[in-house]
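A, B, C and D are the chain letters, set down in written order, and residue numbers restart from 1 in every chain.
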Amino acid sequence: MYRSFTAPFTASGRSALVPPPPWHYAGWLINVAFTCDPAQGAQLLPPARGRLTGRGCVHFADWQACSDGGIELLDPVYAQYRETIVVLESETPSGERLNFCPFIYVDQDVSLLRGLLQGWPKKMGRTWLTRSLPLDHAAAAPLTAGTALGASLCVKDRRLLEARLVLTGEPGPALGFFAAPTLGAVGWPDLRDAQALPEPHFVRSRIDRRVEAGWHAATAQLTLTDHPVEELGLLGPLQTGDASVGWAALTVVGAADA
Amino acid sequence: MYRSFTAPFTASGRSALVPPPPWHYAGWLINVAFTCDPAQGAQLLPPARGRLTGRGCVHFADWQACSDGGIELLDPVYAQYRETIVVLESETPSGERLNFCPFIYVDQDVSLLRGLLQGWPKKMGRTWLTRSLPLDHAAAAPLTAGTALGASLCVKDRRLLEARLVLTGEPGPALGFFAAPTLGAVGWPDLRDAQALPEPHFVRSRIDRRVEAGWHAATAQLTLTDHPVEELGLLGPLQTGDASVGWAALTVVGAADA
Amino acid sequence: MYRSFTAPFTASGRSALVPPPPWHYAGWLINVAFTCDPAQGAQLLPPARGRLTGRGCVHFADWQACSDGGIELLDPVYAQYRETIVVLESETPSGERLNFCPFIYVDQDVSLLRGLLQGWPKKMGRTWLTRSLPLDHAAAAPLTAGTALGASLCVKDRRLLEARLVLTGEPGPALGFFAAPTLGAVGWPDLRDAQALPEPHFVRSRIDRRVEAGWHAATAQLTLTDHPVEELGLLGPLQTGDASVGWAALTVVGAADA
Amino acid sequence: MYRSFTAPFTASGRSALVPPPPWHYAGWLINVAFTCDPAQGAQLLPPARGRLTGRGCVHFADWQACSDGGIELLDPVYAQYRETIVVLESETPSGERLNFCPFIYVDQDVSLLRGLLQGWPKKMGRTWLTRSLPLDHAAAAPLTAGTALGASLCVKDRRLLEARLVLTGEPGPALGFFAAPTLGAVGWPDLRDAQALPEPHFVRSRIDRRVEAGWHAATAQLTLTDHPVEELGLLGPLQTGDASVGWAALTVVGAADA
């Protein structure tokens, strides 16, 4: 009788937190690649799924998302959110390169649950990132050599990640989840067996339509701060690598076993 | 290999959004009973689970919650949240009176996911409620006859529910989920079959330790406002009934099929 | 001994909420012109300052601001804010057309106080506005004919203003404070004479460098909702007029008596 | 013609951010005294106003405030806020002991401006503090020996102050601004002379009605973290002293020159 894709469950499904896919996303992103010590990878990815290569990326993203018809764009409190995404490159036993997202932080409920369904392990966090506006002005951070930008992530009132970038004026690389498919881990505990831990299954999102506006290269410095709860510290010291900024969009239509 | 109860999945489980139960909750509550038209009940509760009686309650709650050991009380951004809970009384086919929660709104991620696991259909919303302080002062709203209090719920920047109360100075009733067990509906869609809707299963929380400090009676006025997404309007016009305020605590240890 | 421009007062002035001008601003704006009944204008503007013409504009703005050197752009929680600005056109006794801002709502403290110093009567409110991204995608709201956008303002958990727009694909007009200078009212009560009301003085901002990226025309619908505290209702029913969207930047260097 | 105490200025004054005093405040407080190096006191307090003694207090406060009539208590988004208050003890040239507030952080606009008018140098920050509920339960933090509580302050997404306390079960001291009058510094720059710094005048609040519910002693540990903008670091290393928790209320009716 229910027509809700997620709770709350009603006959119309109108108030369900998340509607069924397709889900359309477009955003402004700051991407900072890093290398880290892969030795602790088994803390994050089951060996049967692959091994970490020691490469990864932080994406700071200012998204606008909607379902078919775009009704959320008319009431943008339903469409917009910011998030910080950490991805690690893994090599599967068969030799394929995949990204894996161990940690991700977002600021809207619809995105939190929509992410969990896709295997993105979302928690709430506050992300800020400088935007580039098409203006020649001191506050506009235009897409020209020498422009400085920043980004930050705060989780439970503690700053966890910061980045500072300077644009080089050159085209930049596609990084992180724009460079390779991403593996997600989906799992829900069942309170009827309250101490049993879930065994997540692994999926790959089915992506339909992907558009990039061209990446702009930057030099960057990424800073990770200790946190009493969050486990980004498992990555060890981060060596900042390539960086880029730009706009990109994609549509997710479902998922497949990975 | 993972020891996380919920995502993110790590070997330690330290950063999991929700730890396993027991979950201890203590709070200050404003409870307002109402009657409504049960005719649209089948929009909210499958007939096989029972029928609505036309009685319900709104709880505005200012909670403090922790796991065993109470570590969250040392860093209260992890312990405190406010929420608005709507419960409807149902009569099961076997004649038992149970509460059912069609809608609930909270302001912290840990509570959102912990609620979904228990069958509380939580979304994000902002709740405010006047507190009573043990002082004789114009701003303290003491627990004496004539004290006025208010409460409100806002969902996606629209005010959805408001209550105004005046204490009578008399003891008050246990209302809503303090008066009868509550039924929860748990269900998750699976993106590998992306258009399939979940069929929720129904559970009852296993509650271990429950403490109430004595309820204080109030007269009340409850106001519900139309909302383009939320479906509280399915309850039709609300007739405000009994009301009470006070402190209560309980511990959830798991769930059982209902 | 203090070198703070605003509180807190310290010898370095480093932690002052607002630094001295120049203040550089760049942003994305949705502008919706309206006509209203000017009869209640004397509730908002002293007759000696002029009379309302019955024309006005709502600006929904997503700003990025910085001081000289741009240090805020490296840590954008200090640079970015969203606000909703209402301006009314007035005709001064000498026949000059000036805008006057009766109400404005912002979401960051630095902008709140910086605004009050300029005579913008800022209070806190939450603004959302659809952004246009340079991508051809369902979630990108590109700057082409037929694209739909929305905006909203919420003050103390109540939605106060909403706008919906559809781009025409044509160039659009400069509206509101982009079309004429704006008058500000600055006044502070003094608690040493605690019941005395301040008599605000009127100023005009000194604007140094102004850049616009070209406005894009839209048709629009503006909706104003009653509020128990806010006084936008003094404008009476609003007739929506021209609308435009686009990027603009300016630098404020000080103010002059108006 | 205007009847607003603060902006916005309207004929009714209804929407003014701050109404005239009296202002009634009641709250739950965690108070932690400290000693620090007074050598840098001249960075914070003009020598003509006195010298720091090296004693101070941090108050974490969960307030409920209203004007005469208490209308804010019916719509508590207007009444409630949390703040963190730092006070330093000074000795005036004439030998009087006064508190002085160099830094204070709040989470609501009305409190921010109402504070600036009284000489409290308020900026926005997020405060959390464990509450004690009158229940014997693991999440209630009751007022008994051994109960642990915590508090935190975050400013612009960085945690600045933390406290952890354990109640002793004994009555506790009145600390900080509950132990001695407090000096405030009020000053506003004038943009018509845009580079001129204000010279604040010093006031003492006129307090009318003050109620305390009895303080409960605690042992405490206070931790201060470096911040790139905030200047609490001027206090040098903090040695935590006495601590107490409890409820208190007071009414402010105006201010006098100090």
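Assume a residue touches a chain if its C-beta (ideal position, glycine included) is under 8 Å from a C-beta of that chain, and two chains touch if they have at least 3 such contacts.
Which chain is which protein? Per UniProt: A, B, C, D = Acetoacetate decarboxylase family protein.
On a predicted model such as this, the values are computed, not experimentally measured, just so you know.
The chains that touch subunit B as well as subunit C are A, D. Of all chains, the one whose Cα centroid sits at the greatest distance from that of subunit A is D.
It takes 180 degrees of rotation, in steps of 5, to superpose the Cα atoms of subunit B onto those of subunit D. When the C-beta pairs in contact are tallied for A-D and for C-D, the bigger tally goes to C-D. Separating the centre of subunit C from that of subunit D, both taken as means of CA atoms, is a distance of 31 Å. For the pair subunit A and subunit D, the distance between C-alpha centroids works out to 39 Å.
Residue positions of subunit A touching 2 or more other chains, listed in rising order: 75, 77, 126, 128, 152, 157.
Contact residues on subunit D toward subunit C in their complex (touch as defined above): 1-15, 17-18, 20-21, 42-44, 46-47, 75, 77-78, 102-104, 108-109, 112-113, 116-118, 121-124, 156-157, 185-195, 197-200, 203, 205-206, 228-231, 234, 253-257.
Taken in their complex, subunit D has these residues touching subunit B: 24-28, 64-66, 68, 70, 73-77, 79-80, 126, 128-131, 133-141, 148-152, 162, 164, 209, 211-213, 247-251. On the side of subunit B, the complex with subunit C involves touching residues 126, 128, 152, 154, 157-159.
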